Structure formats: C-alpha cells, structure tokens
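Look for chain A in each of the two complexes below; its partner is chain B in the first and chain C in the second.
The block that comes next holds the complex of A and B.
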C-alpha cells in the first residue's frame, strides 16, 4: 500500500523505523516524528512499539494459559486445553531429552515462556505488513513496527536474560573458584596454555548470547523485509508471492521459536555440567 | 558511490554465507537421512538433534543476511 508521494525506498524506511520515545538533541523528551529525529536520539531512546507489542503478547500468553488451567476438563478437553497441553508436553519432552532430570525449578517455566512468547511475537509477522501501521496512522501514530522480534533490542535482551541465568547457574553449580579455574584450564589442561584457554573461553562465552539473539533477529528481519518488498508490487500481483512466502514463513516462525527454546535448554544444561573439566 | 559499495558488500555477505551453509546443511541432511534409514526407530530423537545443529549451522549466514539487509535499507 504505497502512496503516490512516496518512493519505494522511503516506503521501506518508513516500515523499518520504530516508534521511538527519547531525548532530543536540545534536551527535551518526546516521540520522534521523523527518521532523522529518531536517529539523532542515539542511546537515550526507547522503542515504544516493541515494548508495547512484546508486553501485550506476554500478557496474552499468560492470560491464555491461565484461562486454560481454570477450565480444565478431564473428559473431552477443548481446543485451547489441547493446544496448551501440547505445548507443555512438548517442552517437557525436550527438557527430559536434553537437560535430564536434575532438580531445577526454573527451566520448565522459562522454556515454556520462551517457546510461546517468541512464537507469538513471530506470529505478528503473518499479519499483513500495512494493516496495523495503517490503522495506527489513522490514529495519528506515524511509525509502527508490529513484530517485536525484528527489533534487535528485543531479541538481544531475551538472549541476555538467558545469559545471566547461565552465568548464575555456572557459579552456583560449579562454585565461583571452579568456574573461574575452568575458564583457564578447559580446552588444554596445561599451565602454559592458560592465556590461550582464557581467550578461547571468553570468545565462546560472548558469542553464545550474541548468536542466540542475532539468529532470531536475522531470521525475522529477513522475513519481514521480504514481506515489505512484496508489498511494493502492484496489488493484483501480491498474492502470488505473498501467499507462498507466508506459508513457508509459518515453518520459519515456529522453527525459530523452537530453536530459541532448545538453545536456552542446551546452554543451561552446559552450565549444570559439573563433570571433570 | 558509497551506496553502491554497500550494495556490493551486502551481496557478498549474503552470497558467501549461503555457500558455507549450503554445504553444511547438505551434509547435515544427508547424514540425517542415512541415520534414519539405518535406524528408523531413532527418527524423533534424530529430528530434534537435526534441528539443533541446523540452527547452529544456519546462524552465521542468517545473521549475515540480517546484517546485510540492515546495511542496505536502514543505513
């Protein structure tokens, strides 16, 4: 839905700009009204649309599962109960397979939250790209990016949250001394190789949350960008590309939600391994 | 001039990343089929492992695609 006054590059720019609330260069606070203003804010800014959509989807997830548990039926369960049970059992199976049966109270709820929340955030990608931004424009909001997982801030924040938990369990399970020693002795157990080991382990430690968050961002951003490019075609030709890509995208969004969850489990499992190394 | 250099850089990023992951995912899928053919009862377990390694192989090129699209459209 490109209007006559816009070039295609302006249209794309408009679609990938977040609704930004932040500090203007002159010191006052407010919502940016153009792309240049949003860029000039730099670090002192928050993406209002990302926050809004991710938090509301989190609320939707909690409400849905709460509602399902209040209305359990033992005989013939309804659709919602079936879906929720499937999600819970799927997560449980994966945790059993990878994590084993160690006592841990947080990994189950964490994995379920990540799976369903990331899935819901990715699902926003299947809503037509112009639908919600056009509604928002009618309400006087200039920028609206509806898929929170196409914002690196959201995905890296989640990856960072998982990373903090990994560090916490590393220190809790291995002890602060053993964990620090492990950084120096892990690949090659010889005193002369300690600096090399430390370098290697540090790269490993930092690359994990970075690739964890950027993987989800990259997949969703590329998918969203292709939807936006398809929306630039004349309206009678859009369905021919949009429909196959949307169907293929259903696979991608669920796969990425699954991968984000399974990597969380794998990283937490690694943090719990108190073996000989 | 600068804009065209960004396009070329994005193209190289996506293309070279795709070569590596193409080879990697090809080997991965082939080995998975081999494994399933040998022991069909292990198929669900192998599938989970396949997806995990698929995601690990996939990460670098997809990050490259994300970053190159970001370079082309957002900068």
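The block that comes next holds the complex of A and C.
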C-alpha cells in the first residue's frame, strides 16, 4: 500500500521502523514521529509495538493453556486439551531425546513457552503486511511493526534469558571452580595454551546466545522483507508471489520456533554435561 | 537494527511467561497425561488378564464336559454289564428252578413207585395165600407160613 507521496525506499523504511517511545536528545520523553527522531533516541527508547504484540501473544499463550488446565480430564480430552497436550508431548519428546531424563523443573515449561510464544510471534508474519499498520495509521499511529520476532530486541532477550540459565547450570552442575578451570583447559589441555583456550571458550560462550537470537531474527526479518517487497508490486500481481511465499512461510515460522526451542534444549544439555569432552 | 530498552522489557516479560507456564500450565498438563498413560496401561493389563481368565474358564468348561461324557459312558457301560448280569442270573436261576422242579417230580415219582411197591409188598402175602388156597383149595394158616411169606416179600 504505497501512497503517491512515498518512494519505494521510504515505504520500506517506514515498514521496518518500530513505534518508538523514548528520550529525545533534549531530555524529554515521548513518541518518535519520524525515523530520524527514533534513531536519535539511542538506547533510552522502547519499541511500543514490539512490547505490545509480544506481550499480547504471550498472554494469549498463557490464557489458552491456563484455560485448558481448568477442566482437565484424564479420560477422553476435549479439543483444547488435546491441542495443548500435543504441544506438551512434542516438547517432552524432544527433551527426552536431547536432554534425557535428568530431573529438571525448568526445561519443560521453558521449552514449551519458547515454542508456542515464538510460533505465535512468527505467525503474525502471515497477516498481510499493510493490514494492521493501515488500521493503526487511521487511529493516528504512524509506525507499527506487528511481528515481534523481526525485532532483534525480542529474539536477543529470549536468547539472553536462555544464556543466563545456561550459565547458572554450568556453575551449578560443574561447580564454580571446575567451570572456570574448564574455560582455561579446553580444548587443549596444556598450561601454555591457557590464554588461547580462554579466548576460544569465551568466543564460544558469547557466540551461542548471539547466534541463537540472531538466527530467529534474521529468518523472520528476511521473510518480512520479502513480504514488503512483494507489497510494492501492483495490487493485481501481488497474489502470484505473496501466496506461494505465505504458504512457504508456514513452514518457516514453525521451523524457526522449533529450532529456537531445540537449541535451548541443546545449550541446557551442554551446561549439564559434567564429564570430560 | 537498534538495541534499546525494549530488550530489557522483553527479557522481563519472557521470564514472567516462563514462570507462569512453570507454575500453572506445565504441571497440571503433564500430570493429566501421566494419569491417562497409567489408566491406559491399567486398562490393557486388565484386558489381557480378562482374556486369560476367559481362556481358563473355557478350558475348565471343556474339561467338565469331557469329564461328564466320560462319566456317562462309564454309567452306560456299567448299566449294560448289570443288565447282562441280571439276564445271566435269571438264566441260571431259571435253570436251577427247572432242575429243582425236575428233581421234585422225580422224587415224587420215586415215592409213588415205592409206595406202590410197599403196597404191593404188603399185599403180596395176602395175594400169595389167596393164590395158594385157590391151588390147594384149602386155607392156609397165615401164621404157619409167615416166615416164608416174609422171605417172598423181602425178595420183591
């Protein structure tokens, strides 16, 4: 939905700009009205659209599953209970295969939350790119990005949350001394290689959350970008490209949600492994 | 791609959602799944036990039937033997009876013969004397010839 006064590049820029509330350079707080204003805010800003959509979807997830737990039946389950149980069973199967049967209270709910929440956030990508932004524009909101997983803040925040847990379990399972020692003695077990080992282990440690978060962001951002590019075509030709891409995207959004979850499980499994490797 | 306070906000909401899921969603769902698994396993176990029971009952019934058949055959055989026995006994008894009757008749006949003979014997002297009187045309003193008459009677 490109208006006459916009160039293609302006249209794209507009679509990849978040609704930003933050601190103006002059010290006052407010909503940015242009791309330049948003950029000038720096770190002291918050993407209202990302927050709104991700929290809404998180609430949808919690409400749906909580509602399903209200009248659980051990006999024949209803539709909602069946859907929720399928999700839980899928998550449990993957945990059993990768993580094993070690007792851990957090990995199950964590993986389920990630799977469903990321899936719901990715699902927003299938809503036509201009639908919600146009409605928002009518309401006087100039920027509106509806897919939270195309915002690196959202994906990196989750990756960071997982990273904290990984560090916690690394220290808990291996002990603070062994964990620190491991940073210096792997992969080459020789005192002279200690600085080199430390460098390597640090890169490894930091690359994990970074790649974890950026993988999801990159995939969703690229997919969103292609939808935006398709939306630049004349309206009668858009379906020829947007329909196949949307169908293909059904696979991408589920796959990315699954990948994010499985990587979480893998990282937590590595943190639990105390043997030499 | 700008990193700002959104990340902090997202991290907080992520933690809250995970905590909610941990407290209110995961435990009841997994528990009900465990329960169903257990119920299913129990049901299957019960079904196989019932099947075994049915098999045992069928076996018992077949055994019972076999036993009954055997018993009835035995009874039948016994009855047949008994009947044969009775017939045999009857035959023997009848034979014996016939023999006895025959013997009785024989002894009666013998008695009759003896009686006739005795009678004859008792009357022989009379007859002899009568004959002799006719021959001699005199009376014969019975007592004189008693010895001779007795001898004749004894010879009979």
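Keep in mind that, in the parts below, the second predicted complex is superposed on the first by the 269 of 277 C-alpha atoms of A that agree within 3 Å, B and C clash if a C-alpha of one lies under 4 Å from a C-alpha of the other, contacts with A are read in each partner's own complex, and residues count from 1 in each chain.
As a convention for this text, a residue touches a chain if its C-beta (ideal position, glycine included) is under 8 Å from a C-beta of that chain, and two chains touch if they have at least 3 such contacts.
As the structure is a prediction and not an experimental result, all values here were calculated from the model.
Enquirer: A:13 in the overlay: touching chain B, chain C, both, or neither? Say first, second, both or neither.
Expert: first
Enquirer: In the overlaid three-chain picture, which partner chain does A:232 touch, first (chain B) or second (chain C), both, or neither?
Expert: Once the two structures are laid over each other on A, A:232 reaches no partner at all.
Enquirer: Which chain, chain B or chain C, is in touch with more residues of chain A?
Expert: Per-residue touch count on chain A favours C.
Enquirer: For A:135, using the defined touch cut-off, is the partner it touches chain B, chain C, both, or neither? Pick first, second, both or neither.
Expert: A:135 sits against neither chain B nor chain C.
Enquirer: Once the structures are superposed on A, label A:89 by its partner contacts, choosing first (chain B), second (chain C), both or neither.
Expert: In the superposed model, A:89 contacts chain C only, not chain B.
Enquirer: Could you look at A:250 and tell me whether it touches chain B, chain C, both or neither (first, second, both, neither)?
Expert: Neither partner.
Enquirer: Using the touch definition from the top, say if A:262 reaches chain B (first), chain C (second), both or neither.
Expert: first
Enquirer: With both complexes superposed on chain A, which partner does A:206 reach: first (chain B), second (chain C), both or neither?
Expert: Touch status of A:206: no partner.
Enquirer: If I apply the document's touch criterion, which positions on chain A are contacted by chain B in one structure and by chain C in the other?
Expert: 217
Enquirer: Per the contact definition, I'd like the list of chain A residues that touch chain C in the complex.
Expert: Residues 18, 20, 22, 38-39, 41-47, 50-51, 54-55, 58, 61-62, 65-66, 68-69, 72-75, 77, 81, 84-85, 88-89, 92, 105-106, 108-110, 112-113, 117, 148, 151-154, 156-158, 160-161, 217.
Enquirer: Name, in rising order, each residue of chain A that touches chain B in their complex.
Expert: Within the complex, chain A touches chain B at residues 9, 12-13, 16, 94, 97, 211, 214-215, 217-219, 221-222, 225, 255, 258-259, 262-263, 266.
Enquirer: Which part of chain C faces chain A closely enough to touch in the complex?
Expert: Interface residues on the chain C side: 1-11, 13-18, 20-22, 24-26, 28-30, 32-33, 35-36, 39.
Enquirer: Over in the complex, which chain B residues touch chain A? Could you list them?
Expert: Touch residues, chain B against chain A: 45, 48, 51-52, 54-55, 58-60, 62-67, 69-70, 73-74.
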